[in-house]
Amino acid sequence: MLELTLFYIASTVALFATVLAMTRTNAIHALIYLIVSLLAIAVIFFLIGAPFAAALEIVIYAGAIMVLFVFVIMMLNLGEKGDARERQLLQPHVWLGPAILSLVLLVELLYLISTVEGPASSGSVSPKSVGLALFGPYVIAVELASMLLLSGLVGSYHLGRRYLDRGL
Amino acid sequence: MVIVTLIIILLIGGIIALLSEKLSEEAPRVTALLSILVSLIYLMLQIIKPDYITVITQSSLSDPASWLMHLKLEWIPAFGISIEFALDGLSLLMVALTLILGAVAVSASWTDIKKHQGFFEANVLWTLAGVIGVFTALDLFLFFLFWEVMLIPMYFIIAIWGHENRSYAAMKFFIFTQASGLLMLVSSIALAVIYKEVNGQYSFSYFDLINLPKGYLTEYLLMSGFFVAFVVKLPGFPFHTWLPDAHTQAPTAGSVILAGILLKTGAYGLIRFAVPLFPSAANDFAPMAMALGVFGIIYGAMTAFAQTDFKRLVAYSSVSHMGFILLGVYAWNELALQGVVIQMIAHGFSSAALFMIAGSLQERLHTRDMREMSGLWKFMPKMGASAMFFIIASLGLPGFGNFIGEVLILLGLYQVSSWMAVAASLGLITGAIYSLILMQKSFYGEPNAHRGETTMLHDFRKREMLTMYTMMGALVLLGIYPQPIMDVAQTTLIGLIDAVQLGLVK
Amino acid sequence: MQDFVWLIPLMPLISAIFLMVFSSKLPPTTVGFFGTGSVGMSALLTCNLTWGYLKDPDLFTVSLWTWMKVGELSANVGFHIDGLTIVMMMIITCVGFLIHLFSCEFMEHDKSYARYFAYLNMFVSAMLILVMSDNLLLLYLGWEGVGVCSYLLVGFWYQHSSNGRAARKAFIVTRIGDTAMMLGLLILFTELGTLDIQSLVSSAQVRWQTGDFMPTLACLLLLAGAAGKSAQFPLHTWLPDAMAGPTPVSALIHAATMVTAGVYLIARMHSLFIISPHAMMVIAVMGVGTALMAAFSALVQTDIKRILAYSTISQIGYMFLALGVGAWTAAVFHLMTHAFFKALLFLGSGAIIHCLHHEHDIFKMGGLWKRMPITFASFLIGSSALAALPFTSGFFSKDLILLSAYQLEEFGPILWAGGLLGALVTALYSFRLVFVVFFGRIQTLPNKENGWRIGLPLTILCVLSLVGGYFTLPLSNLFPMETNSHPATWVEVVSIATPLFGLLVAYILFIKIPSRIPKSLTSPQENTISRFLFSGWKLDEFYDRLLVSPYVRSTSILLDEPLDKLYNTIVLVNQKLHKWLSFSQSGRMRWYMVSVAIGFIILLGIAIAIPRGLSEW
Amino acid sequence: MQDLVVPLNHVLFVSTLLFTIGMLGLMIRRNIIFILMSLEVMLNASALAFIAAGAHWGQPDGQVIFLLILSVAAAEVAVGLGLVLQIQKRFNSLDMDDANRMRG
Amino acid sequence: MKVIDFYSLAPILGLSVTIIVVMIQASIKRNHKLAWWISFLGVTATLWSTHLATSYPQQVTPLFLINPSGLWFSSLITVGALVTLILSTDDENTGFKVTEEYYLLLLLSTLGAVVLILASHMASLLLGMELLGISLYAMIAFPEKDPNPLEGAIKYLVLSAAASAMLLFGFALIYAATGDLSYTGIGAKLSSAGIKNPLLVVAGTSMLLASIGFKLSLAPFHMWTPDVYQGAPTPVTNFLATVSKGAMLVALSRFTIDGQLHQYPTFMLCLSVLAIISMLVGNWLALRQQQIKRLLAYSSIAHFGYLLVALVALRQLQESDEIFYSSLEAINFYLTAYIITSLAAFTVIANIGGENDPDMRSFAGLFWRKPVQASTLTVAMLSFAGIPLTAGFLGKFYLITLALNTNLWLLLITLVFGSAIAIYYYLRVIYTMLITSSSDNNYEVPLISSPMWRDALAIILMISVILLGTWPQPFIDFMRHL
């Protein structure tokens, strides 16, 4: 019962935070809402039996990736100057069409998903089993993930270096 | 092997011509002419043996080995595609016509082409090679291949050396033929697929597919694919509109090849493929096709009359003449088909000659507009007389090949459908009308006021007259003694007629 | 001799080719020598042939080679020689020779001397092929050949576009007839399986009953061809305009030979026509009608050659009348005499024109009889023969025609009366011509006297026009026996008297009281009737409105290729689509995302809407 | 106990909603920072779905994939933010509607 | 993992080792010439290593299934990478300053493509796709001066990441329904009747298709294509058009077949709809496009539409069916032909260096200035257009045969119609190259003199296109043994 209640609360928080994040005009505000949303989702992870994932969500997602965003926002010194323009963009004629599309999409997806039955979790999956899987069948995937990060590194190095070269 | 050698001679000749550009201006032309003549002589040496006529009369559709030449090499066995060339009377005539008119085309472009001569002659030779392939390939895949490939050098000829509106004309030419060709490709593949359903493997061989049983609707659909492709190339009404543009914009040699040879591939295709492969559909479709033929005759003739552009007029006259061919093919009896064969050859010569004259006029006057001409006979009597000769020939005067063609077609047609014959014979009148107006507007009449006596209008030179005489001779010979030609074609035609009969009975 | 028959048409042909190819390099004398000589040789050979034939009247056929042999069609290049052929050949070669000779002088100063003779030789050759051929296809070759030569010669002076126009008209109008004739050939071949004249005729008689539909249709189509070539109503309008050509050409082609080809054709195919009484009737009526119509038109013309042209039409009308009533011999006979006297008249008019600075208007001539005695004599003789004054050649032939017509059952007398009226008018206009041109005041002075090459042909033709009526044609065993029972005497008398009466009237009108000539006979624009007659019964205008203008108008619609509009529409649709779609590539990422979402929705929509997939797992 | 467990479809509903919100953000936002945030939301929604599915089957695979998604998101954000820096410098604006030099 | 697995994974390992070596080299001493050579050797070695695998099909961990066709495509992709590498040599034709990072990214991207091809599991699919994509974003934005690459890169990044999210979501749904992440496992679950939530699979496959459709730039997911093609430096465009799309298509077909999705009519219907829209929209968009790279972008939309025809032909066929194999053969052939032709086309564009002209002016009269390059581009265009004697024609031939065999009438008609209007724009390119100098002087632009090897590369590719079109039987035999 507690689980269920917590789930609904967390879900509501996550959704609201996300909506708020999407509608902000100030980037830092939006980011804070997004972090809230991520934390709420971490709670859901935990509730459905993925504590390892919940931890990673907080540590890496909220803690690392979002901070990257903050860095960039700070670096660009966005401040308040773009706000006025951003606010204009949130006129109904801008979002009404996409909103309808999203709504249709949502309805379609919900219709397709609504038939699903069964519990979301059949017991907790321990970090240990995840670790075993990672270094068992998924060992090559881990290696490749390192390659992926390498490519992100090289790419952002190349792009960012250029900014720094000229910018400062 | 003879055919492959022929094609290879032309291909290699093209490459040599392309390379010889660097040697001198003359070299490409000489190379081109030589390679055509070599091919022609080679063909003659291989064919003209004491018994060639008997061999020709023995060729039967059921046994390709009995043909004058037959070559079958595996090519893409995965799809039952082979390199299958065969030569019977009809093909032989067409190949010979191609080579002769090829030589004429090279001669026509002797001084016409001012830039990139090497590439030009190469394209001419490659087109010829493609056309020979079309006339001799009896594997449907191979046929389609040549059918498309001959377009490319022709496209180059129009697009590079054409006149003011060449881009449009070349594009139109290519898209019309290519788009219709796709339909033919689909049809031929469908035939192979049907063959596979019956026999367990693909085959594109003409000899395999000719007696293939198929459902009526399928047959009809497949036939329309072939029909459209060939009628576009012919060109028949209402798919002819590429022709006036292509003819008008092409350089002289291009027009000669187009009118003289390329159009004949359409007629050849109709005779060889579109009807025999689909006997009952073709039989039912014949009235439609003939109606298109009649429309083409009248429409072409009337439109020709209205033109002010010399080449356009001649182009429309081709549309009109090709209407007769369409009629003849779908009348499908020996008389009409012989008429078609003769008409093809004769039209090849007469229209080629008229395009040469148009080209010479353009070279000298820098215009094709007949309103700027008038009274040219005074300055160029030889050209005027030649023009007169070919105009008269093309309007179907007895004594020239065109007449034989038309009269045989009409005779054959009347046996099938008297009303069609009556309607078609209107073409004799309308033909006279536009032909004579052509003469009147260009060579007759008051010489243009601003064209003083001093204008540099040299008449035909010896080389040009020689070409003209050759074609005149050919036309007259065809007109008064066509029998040898008909003997050569006869067996093929009768064989095809019989095959269709057989198919109809089934 | 028989073996060399093919030389007769070949000689002029070779000469024509020779002259054509080397036209620019030959001196005029050589040209004249070859041009005339070749026809002369043909004439000699023909005479030889005739001589042999008269001695031993034996039909024969010479086959040179197989022209074409396809299926059941088999046509040879072969010549069939019988009496009719002989007569025609004699006319063609002899008259042709004389006219060539005449031309030598007449065309002397023309720049295109060689071209002229080439055409003329070609014509003679084609005409010979026409009459000699043993099958209808070869005949058609000659038939079209002469048409083309006529075209070339009418338009000989190409600088004037009016000449070109006349030539085109001549060719196209006859071509209409030719096409009908071609259809006739199609019917004959399809029905009878051959185009060989002899076997065709015999099998026609076997296969068809008198009065059948098919032979009638075939005959009518052949008749249309004949009418076109022989300038019979309604296809006669080309002939007056064809006078634009050089005068000897008019003499040879448009008087003596080509225009009578239709007569020859029908005479040649008479056995076929006999099967179809309706067609015969049409021929007769057409003949009389044309004869009258043209005669009246001739009455008001002012151009000397146009008068002769209309008279030619009229005279051929008589021949058709004769054919129509079955008087084959009379028709051919009149053909021959007409060839003599009309050639004479044309050459005479040529002589006049030659000397009068190319003046054609007869009212600008006058009083020429003293200045040009030979010409006057020839005109007088020619006109007499034309008017069928007694004992001239025309008299015999025309008389024969009228009498034969009278003897026809049912409509005979009506036809006869028509012919008679025509004869009256003929006399009237022919002597109007003579009187106006040779008598009265001199209006234009001739600038020279003609030489022997003009004089000689005129003289010979004069003689022929006079004595031609006494010839006996070797046609007796060719045509079915004609019942020549003499009709009532009054008929004969009236027939003889009518031309004389016409002469008298003409005399009164143009010599006695020239001041009171009806205005309508001198200036055709005077009143409606004369305008109507002058313009050839307004037929040209009629045809123009009915056929020519609509044709030209409809072609001008086609000029821009209306079909291209269809294809352009297809192109346009594609281009529009390209434009719209390109517009959608706005470069804005948000919009791109919208498109992705739309695609996504579509795919999900398909998945939802087609649930049958579920049952088919 | 069974009825008290979180139903799978509810989790999926949440993730679907998140996904759609992210997508909507992509469609309406013009600032590149927000666009990248929307992407994170979408990736996160997918991650949630994976975790839920993995939990549903009681397998660790869902979490393994989550780990991979994390690295993907990290790499993508790294490159994306690198680009953002460039864009700010080149266009002097983060508004993606200004970046429509190429079109047609 | 056994030793034999290493042999089988040789391409992946080869590329990885090369990446590491280049990394080390770059960190010791920066020298891009050296980096180029190392990369070149590494890629060549990888190409050679594709035949090392000895026994197949072989499953290497759940992530990879090494089979002959996968290895063939790996080698083909590697060839594409090799050509890109050659085109990216640092000289004035390249148009931007190439550094070691570029080679590194190229190698990483190629690795991603190979992983994608050999993948038999969602994890490897995801990793391959992302490795390919993330390196590509950076490669697209590599030139420093131009704003266009940047714009292209950010568009590609955002949209592509959204598509990846969609793919993941779709996989999550499928996973939720089946409980399996490997292709074959999913296939096995799907074909057995005991799926609890079939609608989830429906949603999942649709999302998957949307995502892959995006990567293959099928309409209506195609919008990014022209901007990215145009924005990217030509060698990178070449890479994107051949390696990235080729690998993606192979992945799609492998997933379709191993996942038994071809048994599933709704999926096939979705594929057909995408195919039809793509054929039409691609050709219409390209019709009057003046920018050569945008033109090729649009034409690629149409070509992948054509390719889908072969995939659709698989519907409801059992693996025992003969047509099933000819369908695979068709995909293989068409894709091979398309990749080689694209390589030829982009090679010429890169060699000429006029990729940024708004109206192809660099190509005007190319025939008379650079006949070799012009001929190659002509052959490539003809091959795209499907004119006989070129590889593209046989590809079309395969597709038409297949469509006739499987009665896909609507697709066939669209294919024929699309090919017919496509001729227009391909010919326009050819025509531009034929313009003679005298008529359009203003078209003359100074040309960079290119070294011999660029001509040689063009000739090799041209000959490959023609050879594949004229003598396909050995290749067909080879494919049948795959």
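Order as written gives the chain letters A, B, C, D and E; numbering starts at 1 within each chain.
We take it that a residue touches a chain if its C-beta (ideal position, glycine included) is under 8 Å from a C-beta of that chain, and two chains touch if they have at least 3 such contacts.
Owing to the predicted nature of the structure, the values given are computational and were not obtained by experimental measurement.
Separation of chain A from chain D in touch steps, taking the shortest path, is 1. Think of each touching pair as a link: the shortest run of links from chain C to chain D has 1 of them.
Looking at contact counts per chain pair, the maximum sits at A-D. Here the chain at the heart of the shown protein, by mean C-alpha position, is B.
For the pair chain C and chain E, the distance between C-alpha centroids works out to 76 Å.
In whole angstrom, the spacing between the mean C-alpha positions of chain A and chain E is 31. Our note on geometry: chain B versus chain E, Cα centroid distance of 43 Å, whole angstroms. If you average the CA atoms of chain B and of chain C, the two centres end up 36 Å from each other. Counting only residues that touch two or more partner chains, chain E has 123, 127, 130, 134, 137-138, 141, 154-155, 158, 162, 166, 173, 176, 199, 202-203, 226-227, 289.
In chain D, the positions touching at least two other chains are 8, 12, 19, 22-23, 26-30, 35-36, 47, 52, 54, 56-57, 59, 61-62, 64, 68, 72, 75-76, 79, 82-84, 86, 96, 99-104.
Taken residue by residue, chain A touches two or more other chains at 98, 101-102, 105, 108-109, 111-113, 115-118, 138, 141, 145, 148, 151-152, 155-159, 162, whereas all remaining positions touch fewer. Taken together, the chains touch in the following pairs: A-C, A-D, A-E, B-C, B-E, C-D, C-E, D-E. Across the complex, chain D is touched by residues 1, 3-4, 7, 11, 14-15, 18-19, 21-22, 24, 27, 30-31, 34, 37-38, 41, 44-45, 47-50, 52-53, 56-57, 60-61, 64-65, 68-69, 71-73, 75-76, 78, 82, 85-86, 89-90, 94-95, 98-99, 101-102, 105-106, 109-110, 113-123, 125, 129-130, 132-134, 138, 141, 145, 148-149, 151-153, 155-160, 162-163, 166-167 of chain A. By the touch criterion stated above, chain A contacts chain E in their complex at residues 108-109, 111-113, 115-118, 137-141, 143-145, 147-148, 150-152, 154-159, 162. Across the complex, chain D is touched by residues 122-123, 126-127, 130, 134, 137-138, 141, 147-148, 150-155, 157-158, 161-162, 164-166, 168-169, 171-173, 175-176, 179, 181, 226-227, 230-231, 289, 291, 294 of chain E.
Across the complex, chain C meets chain D through its residues 582, 585-590, 593-594, 597.
Every residue of chain B that touches chain C in the complex is listed here, in rising order: 237-238, 240-241, 244, 299, 302-303, 305-307, 333-335, 338, 375, 377-378, 381-382, 385, 388, 392, 397-399, 403-404, 407-408, 410-411, 414-415, 418, 421-422, 425-426, 428-429, 432-433, 436-437, 439-440, 443-447, 480-483, 486, 490.
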